[in-house]
Structures are given as C-alpha cells and as structure tokens.
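We call the chains A, B, C and D, going by the order they appear; numbering starts again at 1 in every chain.
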Amino acid sequence: MKSLQDKIAQFVSDRDWGQFHNPKDLAISLNLEASEVLEHFQWKSNPEMLEYAKSHKEEIGDELADVLYWVLLMANNMNIDVVAASERKLAKNAEKYPINKSKGNHKKYTEL
Amino acid sequence: MKSLQDKIAQFVSDRDWGQFHNPKDLAISLNLEASEVLEHFQWKSNPEMLEYAKSHKEEIGDELADVLYWVLLMANNMNIDVVAASERKLAKNAEKYPINKSKGNHKKYTEL
Amino acid sequence: MKSLQDKIAQFVSDRDWGQFHNPKDLAISLNLEASEVLEHFQWKSNPEMLEYAKSHKEEIGDELADVLYWVLLMANNMNIDVVAASERKLAKNAEKYPINKSKGNHKKYTEL
Amino acid sequence: MKSLQDKIAQFVSDRDWGQFHNPKDLAISLNLEASEVLEHFQWKSNPEMLEYAKSHKEEIGDELADVLYWVLLMANNMNIDVVAASERKLAKNAEKYPINKSKGNHKKYTEL
C-alpha cells in the first residue's frame, strides 16, 4: 500500500496537479468513481450479476483501482495514515459486532 | 495492503458474513460509504472546508477506512488483485496524461 | 409541480437560505439524499426488498421527497424549467429507444 | 407533475419495461443519474462553477430531468404519491427548522 501510495503521489507531483486538490473535490471524485463501480451491476438479476462479475474482472478491477486512487490521494492530501485508520476502525467494528452475537447474522449493531 | 486485506477477510470469516456478499451489494455499500466522506464537506466554503479537514482528521480517516474496507472486500470477493489493477491503471493513465501535455493542466485527456 | 416548487422557494426564502445555495453544493445534497434512498435496499434479496418496499412506503416516500426537493431547488437556483427539460429529454429518449426495437428489451441504445 | 408522471408511465409501458423495474435497481439508477449532475461541477472553483452553470443550462437541465425521471418512476412503481410526500416532508422540516431559529443560519436542526 505504501509503495502504491508513493507511486500515486509521484504521478500527481510529476504533473503538478497537487494545486488542484482539496478535500471537497477529492471526495467528489471518490464518489463519481464509486458510481462507476456500481454502474456495472445495474439492471442485473442475481445470476446475470454473478456471471458478469466473473467475465469482467479486468474492467471492474480498473474501477476499483480508480476508487482506491482517490482514497489514497485524499489520505495523502489530508495527511491521514489510512492503514492505521483502517486497523483502528476494524477494532471498533470488532467491538460493535462481537462474534458470538453477529455470527451468520447481518443485522446492524444497533439491532443486535 | 495484503496484511490489511487479510485482516478484513478474517473479520468477515469470523462472523460468517461471506454468505451475504455479492458484487452488487458490495458496490452499493462502497457507494454509501463514499457518500459519508462527501457529507463532511457539504455546505462548506473553501476556507471552512480546509479548516474542517484539519480539525477532523480522525473522523474523515474513519470514513476513508470504510471506503477502503469495501474496496478490499470487493476485490477479495471477486478475486481481483487490486494492487496489480492499480499499477496497470496508473500505467494507462500515464499514457493518457503525458507529463509534457498535462503538467499544471487539469484538462480531461480527451481535451489535451 | 409548479405549486410544489413555489412552496419550496417560499420555505427557503422564509429562512433566508438562498445565500448558501450554489449549484455545486446543491448537487452534493442531491447525491447525499439519493444515497439515502438506496440505503433502504442494501443487503436485501429480491423477496426481502419487495416486502420491505411495501411495508416502508412512508419512509421511502420521505427520502424520494428529499431528492425531489433538491432537484426542484437546483432548478430554481439555476433558472431551469425542469418540466420542459423533462419533456425534451423524454422526446430525445423516444428517438434513442424506438418502440419497435426496444419493446421488452432493456439494452442500452448503443447496443440496439 | 401528474401529467409528466403519466407521460413517463406511458413511455415505460410502450416499451414494456415495467418487468425490469424493482425498487433496488430504480434506486441504483437514481444514484447514477445524481452522480452525473455532480460530475458537471467537479474541479471547478466557485467563479468557474457559477460561470459554467450559466453557460450549461441545457446540459444540466437534461441531467436534472434524468434524476426526476427516476424519482417519478420509482414513486409510480411503489405506488407512492410523491407530491403528497413532499408536502408532508416540508411540513416536518418547517417544524424542525422554525423560521426564528434558522433564519440566515444553515446549522443542522440538531444543533439549533
């Protein structure tokens, strides 16, 4: 991840694009790319969707890469350690969703 | 990243949640979490937004972690190597946006 | 619609909120409210989703009303006649999707 | 609005598309179209955005029409009276945001 994040930072700095980056516009880009992931699955029934997912791994990988790009860029821009934040969040979620209560059960923690 | 992805896979398998996961619903979750990142910057002028970003790094880090969680989970679920996909995508983008044409210039590649 | 749009304009002007409204922030609000509609259907299988839709008409009506609020407010703010725009768009779509080619067929017009 | 909603219902029934419509996929379409509205304002500073909004009224009108299309179609599909829902929601919001507390003040009702 660190290495990918460095490559992205280099890509941006080579093009002198940092001047355009601010959290609000980065968050907009993040949302627009997340929409493009979702667009792949629109109007597909369950079996169509599963079949499509298998046969379009490269296209969907490209879209996930775009989302990841903005996550890492936004973390860079705001000086957030997103791996540390993820581990902290997983620990919070492990408390909210204790294994004995949530095993095989997809209820929201407020309803457990 | 691989280690984070493994922790997420473990978190899910401890709770036997894989049965609920399919690409369409994962893509929906990804979009809902991306919205929560954006919500932080709504109705903020440029200076308010920059000030807010500085003073809310933990909250925004939590939201970015949630987006990253679904990116990695979706990659796991679809058996996509998202780091390889990201490097492939960066290479494509480096061709679309050659440094000499795009330096200091935020035009879309179709308009370069 | 005109009457609803007038009520919304009045609601905003009574609170002197027009000063905060600009197309970018309005478009962000529109997206956040659209997400809240989608959130209702997350993680629901087809039969669960249909059952939920029947039993939560008021809640979903509230969310659709929120989306409509921002559509109408944005149209007001930008001085766009959204009913005329809708009729123009329907006419364009009727050409893109001629009945004889698209009847019972949900393909995108580029694939018809 | 009723007349527009009838035209949309006719457009769909002429093409026998009702069979594809379910609340979850309609909500996805609603979100994808809302993203297209937002995309117009990405990476634009305040003055650029205002200038762009003036000079692209037709394009943005088209996108707002697309969002409205899915709002009305979803309301049709779920048998929701979206005008009544909007008036009910405005009344709720008028209580949440009393004029004397919220005039010229864009705080969320939880902070008034």
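In this text, a residue touches a chain if its C-beta (ideal position, glycine included) is under 8 Å from a C-beta of that chain, and two chains touch if they have at least 3 such contacts.
Given the structure is predicted, the values throughout are model-derived calculations rather than measurements.
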I need the rotation angle between the copies subunit A and subunit D from a CA superposition, between 0 and 180°, in steps of 5. 180
Chain centres from averaged Cα atoms put subunit B and subunit D apart, in whole Å, by 26
In whole angstrom, what separates the CA-based centres of subunit A and subunit B? 3
Touching two or more other chains, which residues of subunit D qualify? 20, 28, 31, 35, 38, 41, 43, 46, 106
What pattern do the touching chains form: line, ring, star, complete or other? complete
Of all residues in subunit B, which touch subunit C in the complex? 20, 25, 28-29, 31-32, 35, 38-39, 41-43
Residue set of subunit D touching subunit C in the complex reads 1, 4, 7-8, 11, 14-17, 19-20, 22-24, 27-28, 30-31, 34-35, 37-38, 40-41, 44, 46, 49-50, 53, 57-58, 60-62, 64-69, 71, 74-75, 78-90, 92-94, 97, 99, 102-106
Taking the touch rule as given, give the residues of subunit D at its contact with subunit B in the complex, in rising order. 28, 31, 43, 46, 106
